[in-house]
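First chain A sits with chain B, and in the next complex the same chain sits with chain C.
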Partner chain A sequence: MNVNTQSIRRPMVGLVIVSLAAAILPYVGLQEYSLSILTLGLFFAVYSMSWDLLFGYAGEANFGATFLIGTGAYTAALMSSNGVATPLVCVAAGAAAAVIAGAILAFPALRLRGPYFGLVTLVAVLIMRQLIILFSDKTGGEIGIAVPDVIALDSATNFHIALGLAAVTASVLYFLVKSPFGLILEAIGQDPINAQVLGFNIVKYKLTAFCVSAFFSGLAGALMTFYLGTASTNVFVDASVGVQIIIAAIVGGRRTVFGPILGALFMAAASEYLRPLGSLSELSVALIALIVLFFLPGGLLGLVRLARRPS
Partner chain B sequence: MLTQVIVSGLLISAIYALATTGFTLLYGVSGILNLAHGTTLAASGIATWYLMGTAQLNPFLAIALGILTGVAIGLLTFVLIIRPLRTLMKLSVADEHVFMLVATLLWTIILQEVLSYIFGDVPVSIPQLVPGTIEVFGVRTPVSSVLVAGLSWCVITALWFYVSKTRSGQTILAASINPKGLILCGVNLNAVHIVVWAIYGGLAGLAGVLVAMILGVSPSGGLELTATAFSIVVLGGLGSVGGTLIAANLIGFIETGTAYFISPSVRTLPALIILIIVLYVRPQGLFGRR
Partner chain C sequence: MKFLEARQLTKRFGGLTAVDNVDFDVDKGEILGLIGPNGSGKSTTMSLIMGLHKPDAGSIHLNGVDIAGWTPNRIAGMGVSMVFQHSRPLQQQTVLQNVLLACLPNKVTHLRVSDAQREKAIESLRLVGLNGVHDKAPSELPFAGLRRLEVAKALARDPDLLLLDEPFAGLSAGEVREFSDLIRHLKGSGRALILVDHNVKSVAALVDRAVAMSSGQRIAEGSPRDVLANADVRRVYLGSQSDTVAPEVRRDDSDAPPVLRVKNLNVFYGKAQALSNVSIDVVDKGVTAVVGLNGAGKTSLFNAIAGLLPSRGEISVRDRSIAGMPAYEIARSGIVLCPESRELFGDMSVLENLKLGGMHLSAADLRERLEFVEQIFPRLAERRRQYARTLSGGEQQQLAIGRALMMKPKLLLIDEPTLGLAPIVMDIISESIEALRKSGELSLLLAEQNMVFASRHADSVYLVEHGSIEWSGPAHQFVEQAGSKIL
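Right after this comes the complex of A and B.
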């Protein structure tokens, strides 16, 4: 793909520098507890970036992010707990399963216009949750399945896995959205009829975007299962987890790729520091997201851009 | 057994029909899918439960206040979420629907957390208003369930009468067909929207009270109620009130049949699967226009 290398060089260099700087965090006295929050925040960042590929670029609100994440997580967990394969094979299978499940879900759903796509994806999560609870003898129901294997025990290694995954996801997605494919996808998101008139096959582009999103969601879901040591519905297959992913993307900055990382880390920090507020913490996070949505449609990253270019 | 399924199916379908007409009306007139629908229902149910139980109000007064809660939330949704979104941000049509979905979803979370902060996140149900049971086709049924079903159909009929026979109702119908033409006729579109949201809130409020009476509601159960309402509306065809009524009965019977013949734990599953199949085969719904 011929990408304008000049335009992506600076953000890429920045990403590498930030990732390398973050990679030494475990060795400069960051506590294990903070490290575990950061690790979860980074997995969350991958979910959020993948979600924003559909929302920000393809213009589709996918309420079924946890359907893809859950497919990855449960595939890996089921394979591992039945002793079928080693963790890395399980993770690969989880990512593949998420892409297949995503394609089966999205191919017919993407032909639907308007709110129908969002609905189908929302219903997919509800169906999956019910099925998991129904077959609780295999899936552990609401309690979840314990995963016997681990990829790494050491918290620094786990942090590096999450960091590496987030960095790779960010670079691949950034490269993708700056490529001709990404530009066409953005055009489709902003004006589907005109894009169709120009001869682009809307369904094909959206389906590809959905599969990319599914791949990273499933991969992160499977890796996070091994990090947590368990796959349960409240962590992986839950409409409210989907809402948090959406909030992270909006707060961080829609259509920016890097914004959702900021948003996800913000969410991880917010859920820690707002814990004294009890049940009001989710309320305040939703409120912040709503205010950002109204007054700062570019999110946190949009704010940075505004400050840099005073007009 | 079969008559039992038919009778309970009829009762539950009546509530579903009432609980979704407001949702359809709103979509037909404003083109908005309000994801906070189920939480609005839950809020009215919980308010009535609180006023009746803890505050010891007269049941009928409590129900009236519960319906008013629905109206208030409907108007708040319009004033705080929908109108700012349309006036503050100049969105393209394609962007507007995803932003609308996301904004109403965030609003759902806010409502839900406020409710569970004040009342606690526990399922509540409103006691039956009228004690006793009667035989319907040889099936023992609580009197108040029959009353609830009757009331639902009366309200739906009244709504139909209002929209098709009164001047104010015709204005709403006109707003759904051609809003620009309506403005040219000198009608204040904003006022029409406020009336629609108030009617929507009233319908949702009443439905919430009835749902709380028969099934029970909880703050975090709101999203699932929205999903049920959403499925019914889409199955019937978005914006088609007649289709919604038929779909409400279909879903009601399928759910009841599943609960009786298979297991109560998979009650909602077949309806969701049928919904997906219908969407794939006939995306405009059973009775929808393209």
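Right after this comes the complex of A and C.
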């Protein structure tokens, strides 16, 4: 809570220092290959942080993270491939489209009690995927759409874009969760009836949180499309990708904002470096996630905090 | 025009009318006590005012505006606050932040706490006597401190109408006094207060007027003294003399050894002690009743016997200790609990519910058992194919008891058999309890807040108050010796 400006300033300063330190990585001999993994991991971190705003704080499990990411990615890709606008305009449109689509989806779903929100978001991904395949003449179907334009070609600049995006997302989300908005969101997640009795319109708050989450998801989806050069369903509109985003948040430490960054980088690195194991690699990642869940309920960031605390 | 006027307020849950055509008023600077036994509809009435449930009929005028059916946050915006019986503060936040939450406006763009809001929170904490704990976690507060924290949250909203749901539950006598002073002080600042309590005595000195409820209906209204003296109120709490005539089959329990013996049982919920040194003997092949008001510890006792709650002390069945045994083994050994919440499978038929109770029986045993149950509850035979959730409240209770009987209990524990039932339905449950007694098959242990009902059937009665046995003895001496403890 930013009554206590102290409590928010120190983590923010830490974030800036870590980001600046990370920014020099391309110039101190980090290989291109590692840099690309880090770049993907940072996009993934934005998805995971955004997802956890809704789950960690408002207590709503969104199984349709890739609905939001996919809306951003495909909006940008379709606009760019049809030569409608410059990449930056496409990215902005992608973020806006994700917010609009998210609001249309979430408004009715968030009014329902029980597990319906999770189910609706899950079904939304499946429907979107089918629609993309159905209209494959426009969308490229399962192969995807190639994006003709690029924002940057060299890997260092792309890394910096992803790093900047992750840092901005983390700052905004951290500011939000420590603000009165975050406090109310947490109250809604833990005891919605009490929150209503204290005068808060819980649908309004959850919907706002969902729109913030949608904005960053859509923005990151659109930017990642330009980085990869294509938008395809297996990367952007896939329930199993949504599950990985969830695992990253939980492994990293839910309700911490910064934890999901660790989780996402860990997942990206693990799946990449364990690739020689073949199909065993996915299994190992899942097993590691399970071990973290069992023994570190606070996630990786929880481990850091545990080590820091004097016994 | 009074500040709050409720007229013909009605709320139905399925077949049960929880609040039935209830009228009451409360004005600023006044405390209204809403009293009645557990299940009488008083908490539902509070929920209707706060908007947690929508009334099926009637109006609630607050300052002249009809707020019936509004959402809770809109009603809160009209200056209504509620303190819940069970406090659930935010555990990751400090005490001060918990109160600060209540000071915030319903505005998503409000991203900074103002100095005024911060001062308001500190002032509210000071008012309830929580000084010097601002930076503590709520889990570090004692039980009474948590209750104070909830009151501070409600006060931080500057309510014109404050609803207090069982504010004294779980508090010690000294804490009750301190809390009463606090509540009296709140009234002084021009607020209207409504206070719900099942314990008539503890609120009598505090409230200006009382409304007594039973089975959803208003049965009396007036000064606390008049309401306490009201014949209907006394009947609801104590029963009339004619009700306590001993049943025809009264066993001589002096020589037979008890079927279940509980000795010095203690149960804790975190910091709150729910039972302290409770000892009871359950009459073999007879009916034993544990009576007491809501929150006295009856359900805790039953759950501890059934192995659902960890406890310290002795629980033995015919000298064999069952304390610490897992719940399913206790149930298999013939100690079966029919819980207060009934726990029926709503989307299964009556027959399916009964068969689930007799899963472990052979086909022949199952048939024979079904016949036994349907003979005691003929109603269930008529409704075999009907979904359990479509049954009336009384029928659901019969089914819950019937399903428990399918397990061939040696001892059946029935928690609140009459909860929320209309008087006429109680008679049906009465008859079946007598039928079970006559069958000579099993012993019964009842938990009841309805003392009339309990003393009508029981061979021996235990009165529980604040987690300990306050009185025990034969049923016919109950009203004479223990009645004054209740009213």
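Of note:
Here is the rule we use: the second predicted complex is superposed on the first by the 306 of 311 C-alpha atoms of A that agree within 3 Å, B and C clash if a C-alpha of one lies under 4 Å from a C-alpha of the other, contacts with A are read in each partner's own complex, and residues count from 1 in each chain.
Criterion: a residue touches a chain if its C-beta (ideal position, glycine included) is under 8 Å from a C-beta of that chain, and two chains touch if they have at least 3 such contacts.
Everything numeric here is computed off the predicted structure, so don't read it as measured data.
Taken together through their common chain A, the two structures put chain B and chain C in a clash. By the document's definition of touching, neither partner reaches A:V84: not chain B, not chain C.
In the superposition on chain A, A:E282 makes contact with chain B only, not with chain C.
When the two complexes are overlaid on their common chain A, residue A:D191 makes contact with chain B and with chain C alike. Contact with neither chain B nor chain C is seen for A:I104 once the two complexes are overlaid on the shared chain.
When the two structures are aligned on the shared chain, A:F55 is found in touch with chain B, with no touch to chain C. Touched residues of chain A, counted separately for chain B and chain C, are more numerous for B. In the superposition on chain A, A:L112 contacts chain B only, with no contact to chain C.
In the superposed model, A:A239 lies in contact with chain B only, and not with chain C. Of the two partner chains, chain C is the only one touched by A:G199; chain B is not. Shared contact residues on chain A (touching chain B in one structure, chain C in the other): 190-191. On the chain A side of its complex with chain B, the touching residues are 55, 59-61, 63, 108-109, 111-116, 118-120, 122-124, 126-127, 130-131, 133-134, 189-192, 239-240, 243, 246-247, 250, 279-280, 282-283, 286-287, 289-290, 293-295, 297. On the chain A side of its complex with chain C, the touching residues are 1-3, 175-176, 179-181, 183-184, 186-187, 190-191, 193-194, 196-202, 204-205, 208, 255. By the touch criterion stated above, chain B contacts chain A in their complex at residues 33, 81, 84-85, 88-89, 92, 94-95, 97-99, 101-103, 105-107, 109-110, 113-114, 116-117, 121, 220, 223-224, 227, 230-231, 234, 238, 265-266, 268-269, 272-273, 275-276, 279-280, 283.
Chain C makes touch with chain A in their complex at residues 50-52, 71-73, 76-77, 81-82, 84, 88, 90, 92-93, 97, 100-102, 104-106, 108, 110-113, 118, 153, 157.
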